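The structure appears below as structure tokens.
Each chain gets a letter, A, B, C, D and E, in the order it is written, and its residues are counted from 1.
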């Protein structure tokens, strides 16, 4: 426990140190204030923007898109993962594809998505799912692979049916791995959707950043970047902590 | 149920006339081109404590698979309480060699698992789980997760989980494999107590000759693969017994007898002709 | 002059729009080289702000960038100056629709779904002008930002919208697949300064000769396009990996409406852009041209611009 | 795969995605043109540099953080957090630090690729069987010899896995970098294809990238299976 | 080297006068606030086969740690061949309880590892490795990787890897833990043969009482944590012996004696007072 606290405190100290360093570098004009502004200024600008509600619409837009993309990515990825797991041959063929998938800049398919889904927020959602689905598939496969054989045999020794086995043995056993998939799907949804908004959209946080960037409104831009950073890291840390707790509960001594 | 009268014969029936609880007849099991088991006959007598020893890879777990209905024989028949076995029959409980506790459930929830799945009345579940935890010395750990327990305690959780369903035939595949010999002997004492109290039939697979010698009414010694019974040793222990028996002379005789049978078979199994 | 080392300048939308055509011709025809410039390539990007930033970070801080981006950068305190004019017309911009499309003119816009590139962009300004002209309010129709020209075209081809913005060379290359709905010039005076040459305040002090040479080389390129539109089209087609046939078509139009300015600053055209920026809400404050521009690098005969 | 693609083409039309045949044909045309190879070369240069830097930095950092458990525990969530940042938003900062051109492209590749490689290495070192280290001590190996003969081969499988993911993401990063600011490279060809609505060009270039990425992954997977003997 | 004459005393010296090879004096080891070992004295006589038995967690591995120089005692002194121990001394070989084979090397390369590190002449390495592989029944698997072997075979690889360096003191921490009892007894035969041929001093930690009884000249019985020697049992076996000894009556006496010492200690260790 004390060690855990020491780790957390050190981590906070490092982050704080970095922020202070950044602040100092900016305040001492070691970098051009037109390119980088001090963190404190980012924070106050952000506070002002949040208080005035001027970015509430963008926040709502991005978060709802992300939420839909994550839910869909997790559901689709899990279903596909379960299906692929049942078909080892398909899986062998897909193995190198799944791993190289990440090198494809998916947003180049935007015109394709528009053609298929129309000019609305669906292409953006698809963009958000593009990396999340394979991540979830891989996580599901990983989780299913690691359901100990003896637990499956235990299920049979209790005469459980297929669904009962899935619900009471397979799912709980694979949960920590599934959670890793959810975490990745969330991160990728943010990455994909904000990148998509950055390049293509007319609303949302990504667009707001791009708009500020294009208009040389550095304070706004950095404030928004800070906001995204804090939110994404916060969500990520929360899931990380939850995952850690699950894993620790299960780690064999 | 079949009642047969036989002297100790290749099917492994005891000398007196007793009720047959489960039976294998001409059972073989083949994995691809590998003959893993049999042909083999066995009659388990109702209420007896039967152990199986044999060299590694000789087909002991395969025997348990077939007997429990987890696997099917390639030839021969398996019956439990007179009915042919297909799938794990009601009344059969299995404890596996590997740790099979569910890491996401507390000890109490683990033990209650089978009863909940079967839709037993909650009050009845609580009663039985309490009893099983007490019996296995786990009461203080009811709320703990398996990861917080030692390997031996987790194995006790699995045993308790099987016992609460009150199986009439208990199959144990090297349940104490993770324990050191001394703890294993002590756990054997618990198992004996349980066997006496429930009157269940027990089939125990083990690689520890002293464990088999101390616990069993009869011990089936298997040949190297494909496994068959070379001999069935009767110990003649009283129903009331415990690990203190290892200090006795006749205990030494039983283990020596088992070892003399197994030495050659084990040498075959590890791929050596004989120790110079 | 001593030959300079290999260098890169910034030209916005190189390869996808024609702001770069005079530079491509100047490079091919040796107009840079004969002024002692060893220009080897053009750094490009698709965004206004990105182009300005690229210019600031480039080895030779000269760029032909979108005027609004230049103004926004200056207003936010970036140390840059506008030193020359660029493309002076939006006559090539139009809205397209499917061959059987329901938008035949400005009047048909009501209730339709209409695409443009991005909020705050030139096409945003134009479409708002068009709405005013047609007597419509924003709520009378659905305006969507679809991204760049290619995305606009595919939105029409895929029937995701009723009309979308287009321009060269997509327009000339896709005639038959789409038809014109209405033109920018139907809604407003198309003489509008789209791009300007910029440099940093620092380089303005030290790199005057180079800047002058760059502007002159571009001017010569523009003149060459006017004199030999077909050959120029071929050169640009090669540089852009485009279809020479289509490019010749395009250049014929361009010569027709004086698309490329010769470098002089047209304050009327620039002011119209300021009005547009005001219209889309992008202008932060009034602009004093005197503090923003530096005409000292223009050839003498162009310095007394309108 | 091809069937799916043809189906998409049939459904979405020429304006959205080229047919497989057209894409392959356009690709072979591209491969035959000299201009294409200068683009490919530009990407390759930046990618090679980025991959080498990502790998060295990632493996080095991963080893250090894995060996210093405390530092590793401090750093791991920070790295995971950084990994989940939408990195396009960092473009202005990258430009500030690295200037234009190759530097920025490489930097963009590195910020995409280095973290997964670090995390895989870190996890591998952390998870190394402690009895192997004890064996090294029992054999009186020096620290350098321990790292060279025990630690490195023990963590190799995970490092290869990390490199596979890092390979893909580094490539993505370089391409994204090229899309923002460049005059050359496959990323430039893609944006150019998009903005000129040259669907064939876009599809062909992406096709080539997919082929290269899948092939590279296949090779790494094969190496992995062929030469790395994991515990059963 | 110290030569002492003592009857069987708390330090565990045999009745006759012999050369002390390694010695612990007043050794204790504490982990945080947990006293794991000692205070404890032990004299290992040159060339003897000494086994340590004791309940789980009593500090057996800690004893090996301290004796080998892998860990330092919190108090007391450790000497090997008369010199104080700091770090693993030359001439000491260790086999761990866990599988410590290198999965990235073939069996032959695994066995050759230590010699290559020491810069031994390649021809000599080949000779010694061949011999060790043959000795351990691994010749047919020289080119195989550990992943292709069973747990027991991997453990044999580790033993061979330690043996080829010809240590004068061999420390083994439950090296046969992964094996079944029968294979373990057979591996014990190999170990005895090796011990006879090399004349090395062997310290074996085991949880199997019959293994200890069969192999050892002397057996140290440890108390539950913090571990000390409750008793040192001398078997009096001849130097020429093998697993057939388990069939003999005096073998039963030795195990019974060990078990009677350990039953209470083991009960303490698993947290029960006594079996009802």
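Here is the rule we go by: a contact is a pair of C-beta atoms (placed from the backbone, for glycine too) under 8 Å apart; a residue touches a chain by one contact, two chains touch by 3 or more.
Chain identities (UniProt): A, D = Nitrate ABC transporter permease; B, E = Nitrate/sulfonate/bicarbonate ABC transporter ATP-binding protein.
Since the structure is predicted, the reported quantities are computational estimates derived from the model, not experimental observations.
Asker: According to the touch definition, list the chains common to the neighbour sets of chain A and chain C.
Answerer: D
Asker: Averaging each chain's C-alpha atoms to get its centre, pick out the one most distant from chain D.
Answerer: Here the answer is chain B, farthest from chain D.
Asker: List the centre-to-centre spacing of chain B and chain D in whole Å, with centres computed as mean CA coordinates.
Answerer: Centre-to-centre distance between chain B and chain D: 53 Å.
Asker: Taking each chain's centre as its mean C-alpha position, how far apart are chain D and chain E in Å?
Answerer: Distance between chain centres: 49 Å.
Asker: Provide the C-alpha centroid distance between chain B and chain C, rounded to the nearest whole angstrom.
Answerer: So the centre of chain B lies 84 Å away from the centre of chain C.
Asker: Quick check: what residues of chain C touch more than one other chain, meaning two or more?
Answerer: As it turns out, chain C has residues touching two or more other chains at 50, 150-151, 154, 157-158.
Asker: In chain A, what residues contact two or more other chains?
Answerer: Each of 110-111, 114-115, 199, 213 in chain A touches at least two other chains.
Asker: Of all possible chain pairs, which ones touch?
Answerer: A-B, A-C, A-D, B-E, C-D, D-E
Asker: Could you list, by residue number, the parts of chain A that touch chain D in their complex?
Answerer: 6-7, 10-11, 14-15, 31-32, 35-36, 95-97, 99-105, 108-112, 114-116, 186-187, 190-191, 194-195, 198-199, 206, 209, 213, 221, 225, 228-229, 232-233, 236-237, 240
Asker: Which bits of chain C are touching chain A when the two form their complex?
Answerer: Chain C reaches chain A through residues 47-50, 52, 69, 72-73, 75-79, 113, 115, 118-120, 144-147, 150-151, 154-155, 157-158, 160-161, 282.
Asker: Could you please specify the touching residues of chain B with respect to chain A in the complex?
Answerer: Contacts found on chain B: 68, 70, 87-88, 90, 92-94, 96-100, 102-105, 113-114, 117-118, 145, 147-150.
Asker: What residues on chain C touch chain D, complex-wise?
Answerer: Checking each residue of chain C against chain D gives 8, 13-17, 41-46, 50, 53-54, 57-59, 148-151, 153-154, 157-158, 169-170, 173-174, 240-242.
Asker: Okay, in this complex, where on chain D does chain C touch?
Answerer: 12-13, 15-16, 35, 91-92, 95-96, 99-101, 179-184, 188, 191-199
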